């Protein structure tokens, strides 16, 4: 399931729903990304721009890709769009598999994808002004790990 | 926080509590292990034996080790002991960090530790009889990944 | 006429969308964008400072892709989600 | 006298705990276990079939560790948690 949400999301409730009816899956990995205070800069919120249509299609392709790479029994990706306040969740991912390696790796892969390869644009709103956020170098090298593996 | 629980655990509620007051952490990785039906063998439950005192101390050392290796802001490990029914959670782990790589790796490391290096013993109760479960070869090689890295 | 839609920091600069005329019945994405940049120094500078990608009608597309009247070009600065 | 506590499949075989007498004031864990195994063929066979570890008074300990009256030896078959 893939959801772009304009409203606040509740990771615990999403995990509860995800765990229902997973009789064959022993392993569930999940990830929550929260908007955090950025050190000294008093962050108030993120504004998340996206390209309706293109963004959903792009995430759907990554989800299909993860199912090709790992034997997943279920996955969910929920991503906020619009204004997300400090402390709120920006993203929730959960993956279920028989064994934990598949669940962990698929969850990790999907997060790397969302950071650098999904059509989202993040602007940080803080008291000292607004700024567009670029992925960190580490985000690009994280994403590159999965491409190397294909060789 | 480390908890050995004789009663059923609620991973969603544990995640909800864990997410409270995490203003500085952007990344939360978590893992849920469920007792699953084992293919044809009609599994009814797991019986989890442990060594009171020794088991808690062993997990506490692994938790401290994970904090030495990764800049974690918070972690929780909850493990069932006693009889755990099919579909119930055996284990819940969550790790919080500023960036997701630390959260993912620490969560992965702690699960590998619990599978092969924590004093637990698992007996599978099924209609066809009971049997003690040994870690899979993959569990041992997963744990070995973290030792190689030390070299 | 094609519609050009801007995202992220380029939307701050150019607004969400603009209509652009075509000089020919079919032109490349690159040609349409070049013409917009010729009129707007700030947009030209932004394009030079980052790796921009394009989509045509919601499908990722190379700058050499041709567009015709009624098509929509999305102008995509580097992604940052999650 | 030391207490010997068994876990996992060894508890199925030996019960949860047994008291074992010491021949000397201080003996090694290995000596105590060897004596128990001499009396119980099934325990001897189980020890031979798996890598068993030990703890003395809740601290992991080598088989060469010496124990004295009042100590507790835990006999630990291969772990499997999670």
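All chains are identified by letter, namely A, B, C and D, in their written order; residue positions are counted from 1 within each chain.
We take it that a residue touches a chain if its C-beta (ideal position, glycine included) is under 8 Å from a C-beta of that chain, and two chains touch if they have at least 3 such contacts.
Bear in mind that the values here come from a model prediction, so they are computed numbers and not experimental data.
Visitor: Show which chains lie in contact with chain A and also with chain D.
Guide: Of all the chains present, those in contact with both chain A and chain D are B.
Visitor: What chain lies farthest away from chain B once each centre is taken as the mean of the Cα atoms?
Guide: Relative to chain B, the chain whose C-alpha centre sits farthest away is C.
Visitor: Using Cα averages as centroids, what's the distance between chain B and chain D in whole Å?
Guide: Spacing between the chain centres: roughly 27 Å.
Visitor: Express in whole angstrom the distance between the two chain centres, defined as the mean CA positions of chain C and chain D.
Guide: Each chain reduced to its C-alpha mean, chain C and chain D end up 74 Å apart.
Visitor: Measuring from the mean C-alpha position of chain A to the mean C-alpha position of chain B, what distance in angstrom results?
Guide: The answer is 23 Å.
Visitor: Can you list the chain C residues in contact with two or more other chains?
Guide: Answer for chain C, listing residues that touch two or more other chains: 82.
Visitor: Which chain A residues sit where two or more other chains touch them?
Guide: If we look for residues of chain A contacting two or more partner chains, we find 33, 100, 111.
Visitor: Looking at the whole structure, which two-chain pairs count as touching?
Guide: The complete list of chain pairs in contact reads A-B, A-C, B-D.
Visitor: Under the touch definition given earlier, write down the residues of chain D that touch chain B in their complex.
Guide: 5, 7-9, 11-12, 55, 58-60, 74, 76-82
Visitor: Would you tell me which residues of chain A are touching chain C in their complex?
Guide: Within the complex, chain A contacts chain C at residues 33, 48-51, 53-54, 57, 79, 90-91, 111, 114-123, 132-135, 139.
Visitor: Within their complex, state which residues of chain A touch chain B.
Guide: Listed in rising order, the residues of chain A that touch chain B are 11-13, 15-16, 19, 22-37, 86-87, 89, 98-101, 103-104, 107-108, 111, 136, 138, 142.
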